[in-house]
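Two complexes follow with chain A in common, the first pairing it with chain B and the second with chain C.
Up next, the complex of A and B:
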């Protein structure tokens, strides 16, 4: 699952800035945390964030799929090649500092991916544009941000359509890894060329509909903001600042 | 009458193209006309629409030569593929149609009123609360036309707008064009569907190899439609009718007045193949 999932959870109902601020705090916080325990507490916070958005299962599965290859690589590299002292993990002897390092890096990755996927699932691009429009942001900036949120699902839909069409012409998707890799070629070219051709028409259509008029857009249904949500966003900012202050204070000691 | 678009010996070439897509085109577009631009594939009909509405070279790039005067305040454009014309940012059809007026910074009530009018005009008001990405191609194309109309454009360019529509929806769209024009909009229509376009066009421009090769009333220019050929073969005196209702009006005025009343249709299987005349 990558992309917006309609829903009525607290995150869906929250002002888009609040959800994005929480995801940004997870990202920034992940780099501020230096110990394995702190990082995995942050991973737990990211899981709670996803649960509040009602997308824990789907987000966690996708995050696991995306993170697992990197986790394996991290544990092999740091665990086997890390410095002494070493600890025995079953029949294998691994570097203790290396393992700790792998846990930190793997945890950061998990927290960031989980937070990003949750924000992607819970922030409606439409509501985000409306919120930015109400704040007087130029349409180009709002469109750029919202397009970033929608680009992956759109590419996935397009890829699925192309794959179906290619399968109808006899493309085989099963078999050895090599034959699967070969199947990427007839997918990639139409995917890229088709996207470029459609972008041309979309630019024209948006321009024809006044996107570049320069006038301040009218927000039709700006999402409701509230004092407590603004307070929460400030609190998240303070958390990030405090986390970095703590990190640098510890580094100087 | 005010001229909305004036092209005088206009040439246009796309970036990097070896030869121009349009060569020395002269044309005037006036309010309330439905102008059919027709020609073989690659003749430059779509390019002529983009140049006449000011989108080329401003948006698509390229080089423009000659004189172009654009008196139209706003121009709308609709392409054949509706899914490329969605903003991708709107969760309902109403918001999608309201996007244009909202972009102009009109007051909220005016934006919603313009969207409601356009939805009614295209008979898609019942889809207002639907998600645009869940609509069929035909429904979506009508929504896209409504979105263009919501801007109340002086010139509306339609590039093969019925390519994704079923025959009934295509008929409905073409039949609505005169009502758009009656509101003061000039409709520029590029399509290979001459049978339908001939019904509604008030003027026809023939384009070949980037040049305007004909400009006149449908009966003068569209001499190659199936109906015109049939009328010619039947020794009808010129100007030849270009569509079925015009032909009926000529040879059987009573039948023409009855229009397409389904009760006139023969029982299924009793007549010839209905597609036979189209071939």
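Up next, the complex of A and C:
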């Protein structure tokens, strides 16, 4: 599961900025934590965050699927190939500092992925655009975030069509690396030139919708913000600042 | 940013995210996930290219679910600035100059991505790069050296091909289409 999941949880009802601020605080906090215990406390916090959003099971499953290959690589690169001293764990001899580092890095990844998957599941893109519009954000910012996601499937479909068409004309996709590299041009060129040829048409369409006007737009259904949510966002910012202050204070000690 | 710049940024972002589909079909050992950023830099300039790079990184995280790679957004900014400078110097006009410019870009990008990869992720990032790192580490190279060597070896090839592709695209633009982009007139 990657994407918005409709629901009525506290995170779904919260202002989009609050949910995104919590996910961002998890990301920033994860990079500030340097010990295995601290990082895994943050993973637990991310799990609580997902539970509040009512998406713990789905988010945790996807986070596990995304993290597992990286955990394996971390185990090999740091646990098996890490520096001395080494400890025996059952039949395997592992690097003690490498294992601690792998736990930190693996936990960091888990906290970040779980936090943002939860935010993605709980923040409706429509509500986010409405919040940005109500906040007076420039049209371009909302356009780039929301509209690029809608244009991607179209571009993917076009790339697939070009691939099929060129293969029908006899283009070989296999062979030596050099011949595959040469095949890149007849595949990529029509995709890019076709997209560039449509630019003017899209500019005209946007202009006709008043996108060039600098006037402040009115949001139809702006999400409700509240004093306590604003206070929560400031608290999250303070948490991040405190986490980095703690990190650098310990580094200097 | 003008409406035209916005539409081009969207095109660049889409290109960054979709080109992987073609690369995967050809089984090429590269990503080419900055072709859109380089193209926007050559057509419009650094500001739009930086926006394209940053939005690509965010949307890539949204689509893949892997938000831990967000710190690599800094590399996209560096690529955008380098590509804009290279375009201003006219290095994308010929393949003979575009490929060395791409090698230089790969060197610069790797010099940025290797420390991020080493300090923040312990050398474990995208599959192909980490495989090279693991092999080098198993051969006895220190972790820092293995991470740097893996980053440089993949980035040099990746960016050289990306710049060559952008050069081919720019040279293939019909004159009527090319005339619409002020960046190409320089």
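Side notes on the structure shown:
Going forward, the second predicted complex is superposed on the first by the 183 of 253 C-alpha atoms of A that agree within 3 Å, B and C clash if a C-alpha of one lies under 4 Å from a C-alpha of the other, contacts with A are read in each partner's own complex, and residues count from 1 in each chain.
The rule we apply is simple: a contact is a pair of C-beta atoms (placed from the backbone, for glycine too) under 8 Å apart; a residue touches a chain by one contact, two chains touch by 3 or more.
Owing to the predicted nature of the structure, the values given are computational and were not obtained by experimental measurement.
For chain A, the partner touching the most residues, choosing from chain B and chain C, is C. Once the two complexes are laid over each other on the shared chain, residue contacts for A:207 go to chain B and to chain C alike. Touch criterion met: A:216 reaches chain B, while chain C stays clear of it. Of the two partner chains, both chain B and chain C are touched by A:143. Of the two partner chains, chain C is the only one touched by A:117; chain B is not.
In the superposed model, A:134 makes contact with neither chain B nor chain C. Within the superposed three-chain model, A:177 lies in touch with chain C and out of touch with chain B [touch as defined at top].
Applying the stated contact rule after C-alpha superposition, one finds that A:96 touches neither chain B nor chain C.
Residues 143, 147, 200, 202-203, 206-207, 211 of chain A contact both chain B in one complex and chain C in the other.
Remark: chain C residues 1-4, 6-11, 13-15, 17-19, 21-23, 25-29, 35, 39, 51, 55, 58-59, 61-68, 70-71, 120-124, 127, 130, 133-134, 137-138, 143, 161, 165, 168-169, 172-173, 177, 180 touch chain A in the complex. Residues 2, 23, 27, 30-31, 62-63, 66, 69-70, 73-74, 76-78, 81, 101-102, 105, 108-109, 112-113, 115-117, 120, 140, 143-145, 147-149, 151-152, 155-156, 159-160, 163, 173-174, 177, 180-181, 183-185, 187-189, 191-193, 195-197, 199-200, 202-203, 206-207, 211-212 of chain A are the ones touching chain C in the complex.
Looking at the complex, you find that chain A touches chain B at residues 124-126, 129, 133, 139, 143, 146-147, 150, 154, 198, 200-211, 213, 215-221. Every residue of chain B that touches chain A in the complex is listed here, in rising order: 50, 53, 55, 59-60, 74-77, 79, 81, 83-91, 95, 98-108, 111-112, 144, 147-148, 151.
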